[in-house]
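Shared chain: chain A. Partners: chain B in the first complex, chain C in the second.
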Partner chain A sequence: MSTSILSYRTRGWLRMSVEKQDTLLKMAVLSLAAILSFSCRLFSVLRFESVIHEFDPYFNYRTTKFLAEEGFYSFHNWFDDRAWYPLGRIIGGTIYPGLMVTSASIYHILNWLHITIDVRNVCVFLAPFFSSLTTIVTYHLAKELKSPGAGLVAAVMIAIVPGYISRSVAGSYDNEGIAIFCMLLTYYMWIKAVKTGTLFWSTMAALAYFYMVSSWGGYVFLINIIPLHVLILMITGRFSHRVYVAYSTLYVIGTILSMQISFVGFQPVSTSEHMGAFGVFGLCQIHAFVDYVRSRLNKAQFEVLFRAVISTVAATGVLVLVMLTAMGKIAPWTGRFYSLLDPSYAKNNIPIIASVSEHQPTAWSSFYFDLQMLTFMFPVGLYFCFSNLTDENIFIILYGVLSIYFAGVMVRLMLVLAPVMCILSGIAVSSMLSTYMKQIDEVKTEKKKTKFEGNYFMRSEIATFFVCVMSVFLVMYTLHCTWVTSEAYSSPSIVLSARGHDGSRIIFDDFREAYYWLRHNTPQDAKVMSWWDYGYQITAMANRTILVDNNTWNNTHISRVGQAMASTEDKAYEIMQELDVDYVLVIFGGLTGYSSDDINKFLWMVRIGGSTEKGTHIKEHDYYTPAGEFRVDKEGSPTLLNCLMYKMCYYRFGQVYTEGGKPPGYDRVRNVEIGNKDFELDVLEEAYTTEHWIVRIYKVKDLPNRGA
Partner chain B sequence: MLDFVYGLPFLVLELPRLKLKRPSWVTVPSPMTVFAFILLSYFLVTGGIIYDVIVEPPSVGSTTDEHGHSRPVAFMAYRVNGQYIMEGLASSFMFALGGIGFIVLDQTHSPSTPKLNRILLIIIGFACIIISAIACYAFMKIKLPGYLMS
Partner chain C sequence: MHTSMFQGVDVNMLCLLAVCVAAAAATNTLVLVDTLATRETHSIFLKSLQERGHELTVKVADDPSLQLSRYGEYLYQNLVIFAPGVEEFGGALSVETIVEFIDGGGNVLVAGSREAADLIRELVTEVGVEMDEEGAAVIDHLHYDANDDGQHTLIAAPSSGLIDSEVMVGARDAIPLLYRGTGLITDADNPLVLPVLRAPSTAYCYSPTQAITDYPHATGQNMLLVAALQARNNARVVVSGSLEFFSDAFIMASVQTPQGASYERSGNGRVVEALSRWVFMEEGVLRVVSIDHHLQDQSEPPVAYTIKDDVEYKIKVERLVEGTWKPYVANDMQMEFVRIDPFVRLTMTPSSNGLFSVKFKVPDVYGVYQFKVEYNRVGFTRLYSSTQVSVRPFTHLQYERFIECAYPYYASAFSMMVGVFLFSLVFLHHKESPSKTKAD
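Let's look at the complex of A and B:
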């Protein structure tokens, strides 16, 4: 459009050529979008302080600090003996190092330039910085798919979409913060490779894929969606030499590079999740070879050869695959990924996966909450892609359809859906707006120039009305996204805040208070037992050895801890002696009304504790009342009222007045007066309780000096 | 030589006199057919059908009022990731309706449609868009009473 105007107007506004105005406008919009995406993620830093949020980021922060201080070789060979006592954890071989290496590099570069920023601040602000880069990559990707206008709309939409913000606020230092950038970069390089068919872009795509593999376990999605794209191009008859070059290069170089990450190791050649890519690679070679032979032979000879070869190859291929899977050389689909294909698998078989709230299926309100207007524009974008099918559009359609399904299975994967929603919505909004904007100015030529002119009705008024409606939609989107970010996704979880009766803000900093007490008041080699949620935070902030943490790689060990929490004091003492536990830490919300405490998580401890052979005496229905309810008052089951977790949470709570007009010992989360009030602890002694009773630490007493 | 190897199975087996053809109704579907299927699956997935199958919520909730009668509750309140079956399907119908409204508006640009058809399509398009946007805002407000209020 700019070139047609260029022909009769070379000097527009601001005494610049139209092309230069075009570039200036694009750069202005993109810079504003990048700055916007950085700034709207800073709510929690402004409200509280620059602190790492949640649980998993603390582990990433600890490993980044180690990498920044000790160097890459110690990091790569690191065996951590302060987690999973007495087993330990090989950190070098069980993490995706991309995030830590990126942060450590930025830290070293900034310090080399004498901009002295602490590692903690680099970690806190890394995710917003990468979201700005994501905005720019989204622009380029949508520009390749449709037009620069679509790119700009997609870029501003992804700057504030809540589905992406939820995992990339300042302080949320997790793999997804950089993984989305790497994923979109790989897709952009792949689309360029398919469009141009050059080795340069294919190799760049392989390098981007390597960066993606190093940053997140979700790379399995990429290594399945790209072969699926190639397969669909073959089925629809669009396979060409460009696709052949692009995919062969990407598969070979990308797979070799991905095996350089220790955690990935030999998985690309031995697990079923990667076999699809391998199969399509073989199919590519066969297809290209068949095309070549077809161009050299005449028709009859070709038919004979073709049929013979296809039948032999297909038969041997299937036979080999079945044999290898049966012999166990190719591992079948594993837990987390298998539960994407069969959502009920985790619920029935693996309680640890089922207990994580992020792994629940998605309800409609999560879609609307995280995406708002994009849920309307997504089908429209698909419609525009289907209207003119090209190789690239097929890719984005595939990505959109697959990610809608996966986001429906697991709430956490809404993150993977958000970029494609933005791109497709950008395509839709841009196409509709460019059609309608052309109609706003009435072209006043001679009346009835074409015989169809009379068929139009109030063309420019309708067009203006549509543009107004679309503007209202976009403004509502902005308001919604800002509100959601501010209210729902900016809480650091390690610091809680509430409003008092007079409207003043009360800050609950109990977690850090307890961890720093542990750090300063216990011996260096003390071992702390708690539920696995708090493991990473204890190792990072309290610097003490723990039994189980969020990595949850050893279900039996977690089950042992669950058995200790769910048993009576004497049985629990045996388990604690076996595991050399010195301190026990529990989270209790009854005084403040904090509902994510250990009593609410207790049923999961019972289920997981009872799921291994040493815990078969722990049955879930023992902890319910005869009516089948989970209650902590006088009606509660005696097994529950005498287990270790109950005693640790409610020790001395029976004398505390929590609410006006209620008896002492009133639990403000369960809203009942507790059943078992005045008891003494035999094998533990209270070591520390924080100001609002949220974290309670107990010391395990030593064996008595004399026998009974 | 190769002829001999090919001929080996036929020393034992006898060729049946059959003529098998691929049925003529098996074709690669047109893009718009595929789009229709995708829109249907979008309606089902965003309605939370997988949530319904796994968590098995009731079709509508119920609450007892002051006289002891049990009244139905349409929306599961205060929880962003929870729903009843009917509310999920109603909301995803609104999402699909909004999308269809925009698609209908896109069909109003060709010069050869008669004037009446064009006016009707435009009215339907705008009605779909505006109704679905207002409905989704209302649903969300019922679900989260503090929605868009700081």
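Let's look at the complex of A and C:
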């Protein structure tokens, strides 16, 4: 019986028309790509467990849980008194709620359908799910730009491109996970709107833009690139009613919608970052009006009028802009934006921005690591776009060129570059393959017909060779992507793993050990001081009040903590008393060789601590040796060897043997024997140290009972 | 619920419980002496303690059966060390256990002398007081009693040297105090030590039999005769450099100063009585009974206050008077509303039932605040109370819905809407009419 069904099916397949086969094939490839993009992001879940990764995702998880349990209005009005003690933080007004709203809706819908699923699992699997959607949108976008074939190649490429996987593996529950989908969706809608010039697609683009605004601060990129596209179209003389309708609708509706996000508020009409879009909107109106006037006047009259109007308008415009900026009505550009334009800006001016590793300039090698063959296919794609210049191709060229610049400035923006790399490479690969495949086919058919050869010698062989080489490249790309995903981007960073001597996997679960210790052994209202990196995790996992966290909104407060860490015990005690600190938590890697510990981050604490008024006594050069080195061994500066951070990290460490053949107190990260071994803590007492000493918790002592 | 559980328990059990409660109510005081003769020489002091309800246990300081605690609970609330000569405590007693006893809330009265042993000196340094060198005595050639043997070590300290606190030393009068012993110096870094009795400005501390070759350690007003310490846990310690200060002989003695003034009785009796009441927590003890804070028109505290709320804060304080808690009334009690720095600091209005209250408006700054009451007065227990509350910003519904100055904008928005509507009507009809004329 089964054979008969099979044969029936086979016959059915054969009987399908060519269009149907085409559709089926496309559907199959696309759905396979979507499934692939979901499944290759599951390494970390399979290898460790279904946990939230890193730092920021813990905050997002906590807020999502709150939203799912308490409802939207209490989320919107949520004042969090557990973070930023004693300042507190208005969570509802200082986040992009798109991510939380998305997962809370998914959670509610699934539960309404009686698919009972935990909020945590929704959060863990949201990013992979959205990358599947991204795959589909990429197909449509590339299809609009070039052809369905290009769409399919781009879709498959984006499914596994490491630059995107790095931010969207299961458990990496962050804004970027859905923002890339929103961004590509907006682009798709925009391209559609530009192509059709209908209100429908423009409005859809505005809605997609709204979703993007609600989910990621990177929407600023979007609201600058679309006006830029319009501007280029105007300059190249491609401005048309379609573009006019598309942009005017998008700008008006999109701006009004984006102002509904309370974190964005009045920024779209008050900050310089959004002024470009506004200016282009004005230009659009003028351009349309000029076109109208031109159609009514003769050429000579028009020339005179045009010149007079343009010069007055430009002069007043510039004047008004300068005046508004001088009066402070238009906020000056924020530090993050400056650092986009001038990579050294942050380093020189704002230590808190420079201290984040993902704000560092990108190394050359990471382009290849994250994009592999796309790096080389990108210019080819650009070539094909230039060779057939249309409104929408200009857009993708712009997007590609701009994002490659930004990705070079900040590692984090590799994420924005990855999709356009995939699309352009998709176009390149598809165009080249279709050119050469045709030649293989042509030769087969032509051979019978005529000996009339083309311009090329051995066309068929060269074509075959080329197709083979291309296939090898694509296979290599696949292997590279899988390898990178598996090795580099699938570790949750909350659970660490290392290889033992015999090659077995050793798991360090110290973070959770410490957080659960805090949760179960400290008073409910205990205040924990730590460097801001661990803030979100402590609030989410230990449920304790913290002083500073990863939302680095208050530089002064972070600086105060930095000062406490960089001061001597007495000075630090004053600060800790002032801030009601009960426990202090430090991350220490000297025993295990975990290199991103607090001693390695310590210079940032010093810099940030010294960057405010109260911390002027903390000077970076005091923490260096006379030779200008940062060392924790005997040569190290006495200021460093006696500061609170050093003491908390190395308390009792001087008696510990870490490596065979080395003296006790041998730090395995810095690879030195520590300089100050025998000291006691006066104002702190050790409360807990985890199994591998990665997390150490100290309790702040009360004032002495009998006076000094 | 508990009473229902105990229903049916026999009467013996209840009696036992009653006995236990009674025993707990009495104050157990351990008195350590060098020789049991001290019981006789200091009988007035000890008797007054007994009369005030102290269960006295008098023991020799090197008694091998001494212990302060059993099974983790203290057997005594108070400790009197009238044993300046003891070289080594007996039993489980040591300087460490006594220090622990203080940190655990116990009160200690220590008296030294010229020949006080190292042990006592070590003990008093733990509470921020230093006794002068062995053999040194307080000497004053202007303030001595007529009964002095010529070395001028029997000091008639003027009562102006007493600390200005009625709670600690009783009502002020002009009668001098008799004192013979060593001088005390306090640790300048210790903010908790109180100078109960300062030496006269002409006094100094040196061995009376030796010629003075170097500058004395303790001189004049910097030297204390009696010092006190109220620890942060409110345990109280009094250190005196003179054991005789508490003796019957000094209490009953008459005083005659070289300046010619004479008094029938020394001031010692009164001061010793007051000081012992203070050190054993019979005087100057305050406690916070209850704290209450809420919005002015409500009675229950909210989960979080909102900025600019009108808040009422109440704190009930009681004072121990003759063994019973009575409402405390004072007009200098302040409340602070603190977020790192105090945003509000107000004096609370007292009432006759011990309830202090204050009404104020929460500042226009959100964050985590504390209601703080810190009441530190010399001689009284430290009152410290802090209650943490959150102050949140307005929710989206708490803002004004319509702002007056925005009326022109509302008007323009609505007129625009109407205008567009009318325009579209006109536009549509206008387009139709020419087509009609054409058709005609």
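The working rule: the second predicted complex is superposed on the first by the 681 of 708 C-alpha atoms of A that agree within 3 Å, B and C clash if a C-alpha of one lies under 4 Å from a C-alpha of the other, contacts with A are read in each partner's own complex, and residues count from 1 in each chain.
To be clear about the criterion, a contact is a pair of C-beta atoms (placed from the backbone, for glycine too) under 8 Å apart; a residue touches a chain by one contact, two chains touch by 3 or more.
Keep in mind the model is a prediction, meaning the values are calculated, not measured.
Q: Which of the two partners, first being chain B and second being chain C, lies in contact with A:V548: first, second, both, or neither?
A: After superposing on A, A:V548 lies clear of both chain B and chain C.
Q: Look at A:A34 in the shared chain and tell me whether it touches chain B only, chain C only, both, or neither; answer first, second, both or neither.
A: The answer is neither, since A:A34 touches no partner chain.
Q: Which partner chains sit in contact with A:M576 here, chain B, chain C, both or neither? Use first/second/both/neither.
A: After superposition on chain A, A:M576 lies in contact with neither partner.
Q: Of chain B and chain C, which one touches more of chain A's residues?
A: Larger number of chain A residues touched: B.
Q: Touching A:A159 in the superposition: chain B (first), chain C (second), both, neither?
A: Neither: A:A159 stays clear of chain B and chain C.
Q: Tell me the contact category for A:L644 with respect to chain B and chain C: first, second, both or neither.
A: Neither partner.
Q: For A:Y368, decide between first (touching chain B), second (touching chain C), both and neither.
A: Touch partner of A:Y368: chain B, not chain C.
Q: Output the chain A positions appearing in both contact lists, the one against chain B and the one against chain C.
A: none
Q: What residues on chain C touch chain A, complex-wise?
A: 99, 102-103, 126-128, 187, 189-193, 229, 231-233, 235, 304, 339-340, 366-369, 388, 390-393, 395-396
Q: Given the complex with chain A, which residues does chain B contribute to the contact?
A: 6, 28, 31-32, 34-35, 38-39, 41-42, 45-51, 53-55, 79-83, 87-88, 91-92, 95-96, 98-100, 102-103, 105-106, 109, 111-115, 118-119, 122, 126, 129-130, 132-133, 136-137, 139-140, 143-144, 146-148, 150
Q: So in the complex, the part of chain A that touches chain C is made up of which residues?
A: Per the touch definition, chain A meets chain C at residues 73, 76-77, 79, 81, 85-88, 90, 525, 545, 578-579, 702-708.
Q: Quick check: in the complex, which residue numbers of chain A touch chain B?
A: The touching residues are 235-236, 308, 343-344, 347, 357, 360-369, 373, 375-380, 382-384, 386-387, 389, 397, 401, 404-405, 407-409, 411, 428, 431-432, 435, 450, 452, 454-457, 462, 465-466, 469, 473, 476, 479-480, 483, 486-488.
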